[in-house]
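One structure coming up, written as structure tokens, with questions to follow.
Chain naming follows the written order as A, B, C, D and E, and within any one chain the residues start at number 1.
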């Protein structure tokens, strides 16, 4: 459904952030994109959603194709119109707008303005906590509620595909489970295609169908989620497990890293 | 009862309020742009001047009646603002604040040069059909042009306020103001809204240009109105329309009173910097201005 | 060898160069854009008639935007190109160039502005105000008020509204001194630069202080706004007298036109209006060339002052050429030429101006024109007031300055 | 050139002598946070002495072994010298060795003290503790993460020195006395051979061995006390011990240590070493980097570079064939020197280098010519661990890609009827530690060292090395095949990272190629060829076409019989962790042949693809298996071939 | 291409901080020094020297503003005010007490620094645009004070005439004499700033500019360093004011209006923010631009326009060029002339590669 072909992303005409990144997300599946901080995951999402332009970034080579159409030259609002919507990490609500206004803003690209109200109601059904606070400024919601709001807001555009950036970041474990349950439900019930960027690889690989690993702006490994869960490097570097399969503790922090092989 | 010259105070107050509401109109131009695009338009004064020149030029060079001239000024400023946003401001998106400040300052110079070359160096008038005979209101003597100006200003300020709060475009504009990037991700064509904000600022400038131009006459110096408006919008809060109104009124009154009472004591000229002193005092207490929104800094 | 752009503009053989400064883009551009064309037109007129004893005059103009550094820079430039003198524009510029003029023995003119004390030719040998300075203007305004108010100012209230910069302050001591002499009450009202907003000052004058007479010494936009404001507040403009830089057509137009400003008294050191032979000659020159006379000519007050400035320079050069017997004059020759100007009226455009080695002001003559119908109508003859007091003041100040340096 | 007088001294005595003669001269510089911190000879000596005292205090005695493990750091040198001062033996080991390798060497050498660079190495050694019964002490240099190490074995370098100074108070002149006890013939260094063929062997080298090599080198080459030497080679490599210890002590030049391996290129440029030694791999990588950088430069620069590169190559070929350069070419080269060659040398940090060596393996002729053309005085040297590093080098006037120059003064050379090169000199080693049979296999009764290399001496008296004797094979039709020659030709292509060529007793020549991920990745991006990982990239048909093109270019200058007819592109890089290459990056051809036997069969089997099942070893010892299918690509024979003689 | 960087390494931190690590740079600086010491005064006409002198004065002010705005990230639209503080302080000292220049200049600078600190106090609470406007306010307040407090302004004319500076009894009056005087201070400003920026204070400034909250976290007392920046920057401005005063022979606050503040901002923008060299380039560029425009149009504009048109064209075109160039640089080359220079330098430095 979505295919990135060998894209190169350059910021400020000078800083090369992504080199030759290619990946594919199949319709109705959850595709996980793993990698350490600064590996280029978010940049990849922005290359898809067109938001690079606003940060002086540019897809200088390669192409992004969605349902057979080139996306890489499109401005973000046209990408949303094509059915892809990005959810930022860090729960970026419109803090000064109310919950309802946030959702209204999410439906900006929709032509069928009459049904926006119904959609808002459906979001409220999905997230009852939001309904209670529909008139409150979104900035005052709790972290979990804000995460629900940004997902709900993204759904307001009736997307075919959602790019989810670190939905678990900074949330309590219980909330994370809740959010991931929602993601799984969206896939199963709405047949939503999801490209999920996560540092929490354990979690991501449990709900994903396929996974990619990025490092220094390149894809270094790909494979079905189940296979990746078994990969030695993945275990070591993303699942945080040592040989014995036990979790490493912070006391064992090392000033060096093991050589990675990235062989699948 | 204190032995104060009450009538004089009333006159000063009225004068201050009238002038202040016209300040508010020019400040609105700043606020619109700042709210939507995070940019400060240091050429707002030159916008007003340029609009004034357009209106005066249309009257004097082409002989149009005042209302066509005013309309032409509005149209001209909208077209100009659109073009400006595209050519100058868009490339500067996301750049440090000083870049936008300097670009608009530079723009100011260009506008001054162009206006003088195009319309000549002398002072031109905009003949609005407003009489010169003062309006007597009880003890008050009110210049009619100021009354008209204040009326038009307040009407527009109310209109804009409603537009922002209630309309779908208003919600989108506020979303853009809240976070450009997120708005973009929601499919809001941020550039279009930037252009819209500049265009609206163009409309406001055109109104300001016609009103202030009619009051002061149109020449290069009209741009200096822009300098008067800084304390207005900072006092009110850069991103608040209500703030622009209140700030305008406060500055108008403070200026008027200080000129009336302080000037004779210290030898004059206080009204130029008293608003700035007030502004600094307010900033020290509330850095975001009276109605401004506190911005949360992310590390 | 000197690298200079001078080579680009090799002066023709028989050309006398005058440096000319102007403000066409700065705060006083309203004046500059009207005045400077007048000077150029007069010099063009003389050149078109074959120049002065066969010498063409070249006034090389530079826009300083009322800034001092460009003025100094351009002065040096003009000096290097061999200028015989410099037309200064602006009071701060005059002050900055004063020492240089003396050092370089280069005459400079500052008509109607500059250092008031420089009327004293002993202490300011190379500076020529060649028109009534601010002190003379202030004194004349008081005299005019006195005459208008029936010959006595005792117990009367006079408002002095001024542009709040050094030039605006300048006449103040004289007027204050006269208030003691004449026994009137004086209150001052400052208009802060850039003077785009005078409403509260006008209110204070018209509504609060309510003087018997107003002396207006403002520049730029302010005069127009003051006229309009006083009018709107019901104050009679016949009781307002403006000093020379608040007395132009632009001020009347800015206020809303002749009809608004009816009765407004303007002070001039060059005649207002078009009814002078020299203006007619310039118009004829344009006609002959098949061109429209410049728009600046419509603004007779400033334009005529420009013409006057040009004419005085031409006169000085003519005198200098008699000293050199037709040889190219030096700056010092031109200085002497200025000091030989005697009873120079320019067909009534000027007061009968006489410049001597002692008196570089030329007598301090002014004339009041009142706005009537669609123009300026002379209200007085050429006159001057409290001359002894002014001259005395010039001497004292000049002495002080000389001591300080 | 006369044979150098035998040097009857030891390394520690040289150190002490240098410290006395020139205490203030700079002996070492260590780049730390951008600054080249200098150490004087006195400091070198004093630090070494203190550490030796500390070792003595810890019970380190004559004959004990001390291992250093890490990047080039002054302290690791001090530690080696300290051990040698006490009559101990220094056993440097490869810092990137995986656990099993390390365990083998440390155990085999019976190392009692390990001086490790940092936490990583300490952890590695600690994890092997159970397998190292002789290990008594682990000393670390960089304390990060080690301050509160719970192991009683672990101590900081400073702590050992401090203990040593205390020991010194009660034992004045202890170290000096120990130094004086030593004889030049004492074994002082174990250099574990890179072992292209089998498990590493501990080559025992004496002071005299090392100093012979160093002094004969000194006789043959322009080495000056003012030289700036950059020590970045693996410490376990004999070449490094020879240059950075023996020659350093003998000549007294300055040894400089780069900040980190990653900053080597920049540090080299800053320092501008006046002489350089690097293995072929380094020069190959450098050439690839230059080619890529030149290709990425702006048009004007690129045209300029390309033009003068061709000119240089032309000049080199002319010179090699003994022709004289026409005046226009001479002028062109002079212009090129100003416009391209000197700036490039400057960019590489080679503009001060009077000479540069490539050694340890053969360097492709094209690469060799390239650098010479660019004004780098690149020369081949030949040596072996068993010869304390060095036995032949090219004089300036006879640099040639195909020879390794005359043997050094004091060395003798002969070839066996089978074509194996034998060397005899004072540098010949003392034997393999604990392996007398192997020693007997290596040294003949007459004291000749069997180098294991096939070669001959040409008419100018220059030694020519063809390949490892065991690797030289014959095609089924009897054509002699020197795989290394072909491999070096292949590796001249910037796209080919490693190549292994087969053909012994086979009907034709086939190759296994590992692509250079950087350049091929770049190439793929430029051509809009999508790929995800290295594996994916290697499997791209476009990449196969690219490699086929490169091979065809290579074939064009080969005799038809030795042309490569089929190849596979491997989907992993050759990795020392997987034993496929040595730590000095030489192909273990035999091992590779066994490991990839299935692939090789596939290459000759005529099928279009072959299944690969390759074992992978992780650094910490975990193993995994890579399962995949490789495509076998056939190379069309070129229509018309212009051949260049291959050594056969 | 023309020089070698191989073998240029540092064995101490002092060497690492050296201003001119590369031999080629040392030669270049020597060449420039010879040019300014001999070629300029001997070859340039008095008029060109006048221009150079103005550039030299502007260099001091531009560098000063760059310390605050370019290096520390605090925008000031009030530098004209600080200059007038310096000018009047010095003028009063010179005229009333007969203070020599070597006292008057630092005194002017110090007074300006004091005022700068006061103006900088709001930077504790406010930043960015708000601070910019607060500095603008200071400009108005300073101007008003000078204009109205005759004790400062020396009389209602608010202009103080100042005798030329005298060095060992020599009065410096001609452009040639003033040239060396001003050159000394410009060079002093350049060298002092280069050294300042390599110091702890300089690094703190840059840290505050780049990420003030992060700077605070790593223990930089932001407020104190911001005040340092204001103080140092306004010290330079004060010195600039004194130099102007000596140069013009008059202290006049009207010469230090908002336009001057904006001019200086334009200098550092066009030159390239946060670079001493950029400030020098910018100062030269902005000072020469109007002259160049005028000379060009008066000499070559005659082909297209009448002299009268040119007289109106010149000043307005200068304005348009001035504003247009600011915008142009901001959009096309935000790092200014300094970046252009570096690009040229790097082109050859990396020759024959591009990185």
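One rule holds for everything that comes next: a residue touches a chain if its C-beta (ideal position, glycine included) is under 8 Å from a C-beta of that chain, and two chains touch if they have at least 3 such contacts.
Predicted model, so just to flag it, every value in this text is computed and none were measured.
Fewest steps needed to get from chain C to chain E, stepping only to touching chains, is 1. Contacts with chain B and chain E are shared by C.
Centrality annotation: E (chain centre taken as mean Cα position, compared with the mean over all protein Cα atoms). For chain A, the chain with the farthest CA centroid is C.
Each chain gets a centre from the mean of its Cα atoms; the one farthest from the centre of chain E is D. Between chain A and chain E, the centres computed from C-alpha atoms are 49 Å apart.
Each chain gets a centre from the mean of its Cα atoms; for chain C and chain D, those two points are 90 Å apart. Once the centre of each chain is set as its mean CA position, chain B and chain D turn out to be 74 Å apart. Each of residues 144, 147-148, 312, 315-316, 318-319 in chain E touches at least two other chains. Inter-chain contacts, as defined above, occur between A-B, A-D, B-C, B-E, C-E, D-E. For chain B in complex with chain C, the touching residues are 5, 7-8, 11-12, 15-16, 19, 112-113, 116, 120-123, 125, 132-134, 141, 143, 146, 216-217, 219-222, 224-225, 228, 255-256, 259-260, 263-264, 267-272. Note for the complex: chain B touches chain E at residues 40, 88, 91-92, 95-99, 101-103, 105-114, 116-117, 121, 227, 230-231, 234, 238, 266-270, 272-273, 276-277, 279-280, 283-284, 287, 297, 299. Contacts from chain A toward chain B in the complex involve residues 49-51, 54-56, 75-77, 79-81, 85-88, 92-97, 101-102, 104-106, 108-109, 113, 153-154, 157.
Chain A meets chain D in the complex at residues 4-6, 8, 19-23, 61-63, 212, 218-222, 232-233, 243, 253-256, 258-259, 261-264. Chain contact summary for the complex, chain D toward chain A: residues 118-120, 123, 144-145, 521, 524-526, 528-536, 572, 575, 577, 616, 618-620, 622, 624, 626.
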